[in-house]
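Please find the structures below.
Across the two complexes that follow, chain A remains constant while its partner is chain B and subsequently chain C.
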Partner chain A sequence: MGTVSNVLMFAEWWLYFGAAVAFYFLTVGIERIDENARGAYVFRPLLIPGVLLIWPLVLWRIAVLERNKPEGFGRYRPLRTAHGYVWLVLFFAIPAIFVTAMLLKQTWPADIPAVRLSPAEAVSQ
Partner chain B sequence: MSVKYTPVQWNANKYGYDLVLIGMVVLYILSFLNVAPMFLDHARPTDGPIVRARAFGTCAFLLLTIILCIGPLARLDARFLPLLYNRRHFGVLTSVIALSHAMFVMDWYFNFAPQSKLEGLLGANTSYGQVLGFPFEVLGLAGLICLGILAATSHDFWLNFLTPRLWKALHFLIYPAFAAVVGHIALGSLQSQDNSIFAIVVGLSTALVCGLHALAAWKERGCDKRGNADAGWIIVGDAGDIEEGRAKIIKLPNGDRVAVFRHKARLSAIANACAHQNGPLGEGRIVDGCVTCPWHGFQYRVADGRSPAPFTEMVPTYRLKLDQTTVLVDPNANEPGMFVEPTALPEHMQ
Partner chain C sequence: MSGSKKDPFFVGYLSVPEGLKLFLIATVALLLGCFAALALTIGGTQDDPGDGAFRFDWGRQTLIGILEASPYPIVHVTKGTKRIPTGSTVLLSGNGKRGVQSRTTPLDGELVEISGVAIKRGNIEMLQLRGGRNGIKKVAGSVQMPSSKLLGRWRLSGEICDGKCFTGTMRPGRRLSHKACANLCLINGAPPIFVSSAPVNGTRFFLLVNSEGEALDNKFFHHVAQFISLEGTVEKRGNLHLLKADLSSLKRVP
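And then the complex of A and B:
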């Protein structure tokens, strides 16, 4: 149980840090880096689950946007390099998982005809 | 949605989409709860929480399959584009249903465990070194976390904050999530069922998702014309081939795509990727003088690549020139939103 407890403790601390980041970001940070968010409050609670889950990415983006450097054309360029990885998952990983699981599937013992192991006369009941 | 984060884009279509979606989910779950127990082949009646867990679990899997099919279907046939329009709500609903499945399972199987339910779930089986008997619950949990991240970052704020490029990269998590869910089902539920109906459904769903993606990629590859270079300029083709209000898409040597539009007998070029979710602008048409993205209806003025006020989205523009009737594009993109004087077509082509 030691490993499991450690994993759960890590997840717990991850969420605590996320809550701290969410508090800062949704009260102060968001207005500094996104002018469209100034004066718009109703949508902010919707962002809390996202910040809790990906807070390191949020901190990194705040740092990038605070520097006020133009982000160049990268912002407008579609992500085509990831298509190879999608192919790998769709056409290798998923069929492999499904086919392997079906090939290794065991039949239920109930499907196997009963075999008498002891002669009838040796059975008392 | 660049003008404040207010629900300015809610309209009757979106309300209709969500109502139909929720109605179909409710109908499926009610049908499953009433019909499935008759086919479960158990010696004793199945407990309610187990049937409920299965109803929500199968519903989440079917919804995930449909979500993954919408993208390639819209690439293959424009009639499926309306399904793409509000796909994010589809995704959020799927993650809520998957979470409900997980809650039913935890509340039933781990309710009286001496430790916490999650600790029970993760610690009950740790045979990670074998295929049969693999702790399939962990695969379900991994899929659920991926779906949770996708749902939690589905608001348009995240697109603007993370940039469309990074947002798309994050949302490619849908594929490992699907793989994890297929593993969760194949190594879990399907191992203990005599009835092969569900195995066939899962197999066909998986084949459908993979097959449609392959078909869409094949079609895109066939349409992707790379422009030939002419003294640094790239040849787009004959101006007469471009219909009024429509575009021709050309691939530049650096891999970027440019959409060359014809509007009122003049030509303009902008980047093909929408600033919202990288939708293919060149497959859209000009509505009210603006290029309209076929995915979510974001609009850009054709000469400067800017969304009309009060919106603030921008895409890069490109310079064009004509050599008689041959259109050429400068492969060096201008700054997003930079005005470029449209190129007038020769009189005989107007």
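And then the complex of A and C:
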């Protein structure tokens, strides 16, 4: 099986797990960790695409908030702190990825000539 | 909440607080400068897309010629137009990412009339056929198939592209960013083209086939859009050059 097939299979299973997490989170989990969501249903389908992609983060946040339920602004403080670190990492990572790609990019072999390996007469049809 | 009551606080629809003005101006200037530099860098490192293009400006092209269905459908033109003269050899494709093998195989070796939109890049020409019998049909008459000429065995460096996008359907229709598109075209029967860095017999474009002279197998598709070197026999059929390539000789160039 090729690399592309493996990547596609990984993506497929990632989305299957995401669908399972989305089903749990949007029917049960969200009401357990956020009292403001109780009784509110229309917005929930809008969260499905996001949960499909970042379901490990959703599970982690459910676990954290189930163990410890800070009130008010305290609920968001860890995420805001993490946001600062992520911003800093991306600030360096994005230019680094871009520069690395430029360095690894192949150059057109303009200086490599066509080499005749056998004369026309020597090739049998 | 931490912080003094005198801390400036930005609200989009209110005036910018005095303490934040300098920061805001510096940030905007920095972002504008960074994005301008990024745009220049990306734009400056792009390759020339070449002169390939759909030639809608030529109008519909209707040609008569002898069809060679294998390894990929080509027509040796016996009655051309002002744009595609008699003696040309044109590659054939269907609409979108499709070859026309299902329509051409039953007509192999026959004199046919083909009709469609021309696509041209350098000395390589393709006709995107109209649907059904409007695109290709047998006509009365018989013509001798043009002779082929072997031009020896060569080692060439360059890139495997799909003949449809490279000839002008996409701009650019080559290089790594185009690999997935090229492979879709090739899997669906579009003719593969080897673009050589150096000419042989006056051309840099070769219809790529395997060493047996048959259509490419999937193993070649892994190397599409990379810069590689290949060994194979070059053959001229009509006005078109073929490269019968040995996969075992394929190497990635630095």
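In the analysis below, the second predicted complex is superposed on the first by the 67 of 125 C-alpha atoms of A that agree within 3 Å, B and C clash if a C-alpha of one lies under 4 Å from a C-alpha of the other, contacts with A are read in each partner's own complex, and residues count from 1 in each chain.
Note that in this section a contact is a pair of C-beta atoms (placed from the backbone, for glycine too) under 8 Å apart; a residue touches a chain by one contact, two chains touch by 3 or more.
This structure is a prediction, so every number in the text was calculated from the model and none was measured.
Colleague: Pick one for A:56: touches chain B only (first), chain C only (second), both, or neither.
Modeller: The answer is neither, since A:56 touches no partner chain.
Colleague: Name the contact category of A:93: first (chain B only), second (chain C only), both, or neither.
Modeller: first
Colleague: Classify the contacts of A:102 with the two partner chains as first (chain B alone), second (chain C alone), both, or neither.
Modeller: A:102: touches chain B and chain C.
Colleague: Quick one: chain B or chain C, who's touching more of chain A?
Modeller: So, of the two partners, B touches more residues of chain A.
Colleague: Of the partners chain B and chain C, which touch A:119 in the superposed model: first, second, both, neither?
Modeller: The second partner, chain C, only.
Colleague: Looking at the overlay, does A:37 come into contact with chain B only (first), chain C only (second), both, or neither?
Modeller: So A:37 only meets chain B here.
Colleague: For chain A, give the residues common to its interface with chain B and its interface with chain C.
Modeller: 73, 102, 105-106, 108, 111
Colleague: Give every residue of chain C touching chain A within the complex, in rising order.
Modeller: Answer in residue numbers: 1, 45, 47, 148-158, 176, 196-200, 222, 226-227, 229, 231, 233, 253-254.
Colleague: List the residues on chain B that touch chain A in their complex, please.
Modeller: Checking each residue of chain B against chain A gives 2-6, 115-116, 118-119, 122-123, 126, 131-132, 145, 148-149, 151-153, 155, 157-158, 160-166, 168-170, 172, 175-176, 178-179, 182-183, 186-187, 190-191, 194, 199, 202-203, 206, 209-210, 213-214, 217, 255-256, 271, 273, 275, 278, 312, 315-316, 333, 336.
Colleague: Would you pull the chain A residues touching chain B in the complex into a rising list?
Modeller: Interface residues on chain A, with respect to chain B: 1, 3-5, 7-8, 33-34, 36-37, 39-40, 42-43, 46-47, 49-50, 52-54, 57-58, 61, 65, 71, 73-80, 82-83, 85-87, 89-91, 93-95, 97-98, 100-102, 104-106, 108, 111.
Colleague: Which of the residues in chain A come into contact with chain C in the complex?
Modeller: Residues in contact with chain C: 2, 73, 102, 105-120, 122-123, 125.
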